[in-house]
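Given below, in the form of structure tokens, are the structures.
Next come two complexes built around chain A: one with chain B, the other with chain C.
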Partner chain A sequence: MAMTQQELVDMLSSLTLFADLTRPQLEQVAHKMTEESFPVGQRILRQGFTGTGFYVILDGEVAVKIDGEERAKLAKGDFFGEMSILLGEPPVADIVTLRQLHALHLGGPELEGFLRDHPQVMYRMLKTIALRLRNASRWRS
Partner chain B sequence: MAELAQRPFPPGDYPVVVVGSGPGGLQASYFLKRLGIEHALISADPAPGGMFRRFPFFQRLLSWTKPYAPVPRDNRFYEWYDWNSLLADEADARAIMPTLMDGTSSFPSRPEMEANLAAFVERAGLRVRYECRWEATRREGDCFVLSTTDGEYRCQVAIFAVGIAEPYKPDTPGFDLIAHYADTRAAESYAGKRLFIVGKENSGFELATGLLQWAQRIVLASPRPAKLSVNTHSLLGVRARYVQPFEDQNLGGGVFILNASIDRIERAAGGGFRVLCLRSDGGAELSVDADEVIAATGFQCPLRDLQQIGVAVFGRSNLPAMTNYWESATVPGIYFAGTIGQGVAGMKKYGQPANSGAVHGARYNARTMVYHVATTHFGVELPRPEVKPDALVDLLLTEATRAPELWNQKSYLARAFSLDAGQGIRDEGIVPLAQFVDEEGGAAVAIAVETDDTGDIHPAVYVREAGRPAIESLLASNPLHDFRSTENRAQLSSLLSGASAGAIR
Partner chain C sequence: MPLNTHDKAAALAGVPLFAGISEDSMERLAAVAGEQAFGAGQFIVRQGQVGTGLYVILSGSVKVLRGADELAHLGAGEFFGELSVIDQQPRNASVQAAEATQVLALASWDLLGLLESDPQLALNMIKGLVARVRSAGEQHRH
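For the complex of A and B:
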């Protein structure tokens, strides 16, 4: 979907990941990240491929697949790609578009600086990762 | 009426209609013509050139043409050294740009570029219906109907190459009071002025560089710190040609580069403007008075009513959502060429974008797109030359070392070969890399050139076994970018021995 600058900033303020940012900080996020669109069926992260990026979903839906098997779905406000960048390893899952995806993208090499510039985002991201870890532990037990 | 009748492509039915006479429209028309696909090329402009009829205002283009290269100009590999000529198979229509430059720079001036495109139209024998403005679009059965100032055009496939040409200003209060980059006047009219430029991309720095010797003071502001291309290892960021304002800032020379968002712009009591900013580091308010404020805030796609027939768009530039072949993701049969192609992100490895927004990337996208249109809509069968098994490794490494498509569109376009046991090895030409690695097909290999986060440039090989996703392998780089090493030959041979066993033997 096409959005004005103000509409994009308003949308970012409604996402949990960016909930603690002031308006100038949200504007900076909107300028640091680029908007991208992916058609249905395209892989955005590819298992075993180098050089991936960090994505925040603005609209649409993706599937998380490992060896072709769907493990989860992600939609508006969810993010992906951070694990591979933080660990410096290729992704262990494919991310495949289920519904036309509109996302914000940040190149992998920029993620560390971005999180250091915006520690509130780092904290929110950490909480989400902790939740994922807890849920993964529950499934195993 | 007599005059109207003499112009090419009168309104009517055509298999394909191409809209736009900038580099994208001309390149698409050229390859349609080469394949014998009847089409109309229409343009609202009175002459070819597209954006190069006006921009850039100051100095020169950002894309090089090196007249003296290690390969002759009639060689395909020369295209890597000449980013501004359009592609052609005929000797007199290719590598036109270097013949029109005066030797003062490897970056052509805007008028030289405009002349280059006009010469291409003439030498390639392209016909264009100028001053025919596309105004509205509708669907009738399987056809698209384009209403223009000259009448209606019906077509099966429509290719829009209308640029990202419509000035865009954010909806922040006060932007309606100020000029856009596109409204920039002659440099001398800014003599002695306090200038405020909103935006720290290349267009903002182009103005700052061009007006350094005229303005009394120049402030550039946008929320995020400016990126420099020499740091991003790509064309992303402010180009080396525009870094003078940084040096002036660092020396205290009347240039100020601020990281701040614009809260609002007001008219100042004594004339001029007051720009109220919020600093990105902490949000402190900052008020700057200026005689002139220019919004270097980019452009949007002038897609007119395409959204009403279902074309999905995204982002502040109003880009269409597209497939890997630059077809609308929501309305099959509508394609895009030229700078709009940058809406297809591709692999974007390490965050580095392709050069689809520039001629040296868009010309290859246009050719690949036309070949796709020809095969999928018009049943054209493109040649798929057979390759001898013992030649494949050398061919792949030579492509990685020299192919202009792979070097201009890193991690985006690849050279592919199918490895079918029955048909042998077939040259599948240049393909979108994201398409190749995601589609399930027969055994195949593709090679691309990629840059990592350290700036290292190396070949990447994608080997696909029948019915399975491709597997990525990186080959070794080389200080002189010659990838045809013994080490790479051995690694590539080993990679190919599995998937291609049937075809290679």
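For the complex of A and C:
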């Protein structure tokens, strides 16, 4: 499914991660990131392996698996890959597509610069990660 | 002996959370940071309380507790309490001084204003949170 630049920017404007950006800023984001598609059953990130990328899901679904066990599902609007990049460590989970995936990708080395250029995105990411931390802590019972 | 603003700034500058932030941000933080002292066994924050800010440990150490579980042990240069600052939800753990402990307290409103204007601070905080998510996740693996 090929999108025009206009359609892509419209789609981005509907995602929480980019909710605070103006139209010109959304266009900048669309310009810096690349669209990628993955078939079902593809492993995008591998537990323990180097090789990083930051992904924002536009359509489709992935499973987050640790030691083969599914821990979470991510779908449209969710992001992944940032943990390994920010910590400088290999991923601790596999990310595997459950359905055909359409995502925006940014190379690992570019993430910090991208977040500095778009502090509103960084702030949204901060809130989401804070929520993940609350949920992660809740598993302990 | 109370710390003056200059000493507070020096103490904060040594904390990884504030590494690389602008001088302006550092001065603002030091000006509003409040010093507090706790004896061994005293609670600094309690699970379920409304959170009003984050704490940086200047000296001593603390235990992070949820019910009877000890989740973590933190020492000088480390921080806690940031989750409530970011999402305004009640504290999800208690923090108890393990020995005589001195902290600097930073109020949510002061910190939030800075997070939005100082990208380095936001980036440092994201990295701190991400490291904690990773270690919280690893605790479930066995």
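Observations
By definition in this document, the second predicted complex is superposed on the first by the 140 of 141 C-alpha atoms of A that agree within 3 Å, B and C clash if a C-alpha of one lies under 4 Å from a C-alpha of the other, contacts with A are read in each partner's own complex, and residues count from 1 in each chain.
Rule of thumb we're sticking to: a contact is a pair of C-beta atoms (placed from the backbone, for glycine too) under 8 Å apart; a residue touches a chain by one contact, two chains touch by 3 or more.
What you see is a predicted model; the values in this text were computed from it and never measured.
By the touch criterion stated above, A:R132 is placed in contact with chain C alone, chain B being left untouched.
Touched residues of chain A, counted separately for chain B and chain C, are more numerous for B.
Judged by the touch definition given at the top, the superposed model places A:P119 against chain C, while chain B stays out of reach.
Of the two partner chains placed by superposition, A:G77 touches none, neither chain B nor chain C.
Of all the residues in chain A, the ones that touch chain C in their complex are 66-67, 71, 82-83, 86-87, 89, 92, 112, 115-116, 119, 122-123, 125-127, 129-134, 136-137, 139-140. Contact residues of chain B toward chain A in the complex are 170-172, 222-224, 259-261, 278-280, 283, 312-316, 318-319, 321-324, 329-330, 343, 345, 347-352, 411, 434, 437-438, 450, 452-453, 469, 471-472, 474. Remark: chain A residues 1-6, 8, 22-25, 27-28, 30-32, 35-43, 46-53, 94, 100, 102, 105-110 touch chain B in the complex. Contact residues on chain C toward chain A in their complex (touch as defined above): 66, 69, 71, 82-83, 86-87, 89, 92-93, 115-116, 119-120, 122-123, 125-127, 129-134, 136-141.
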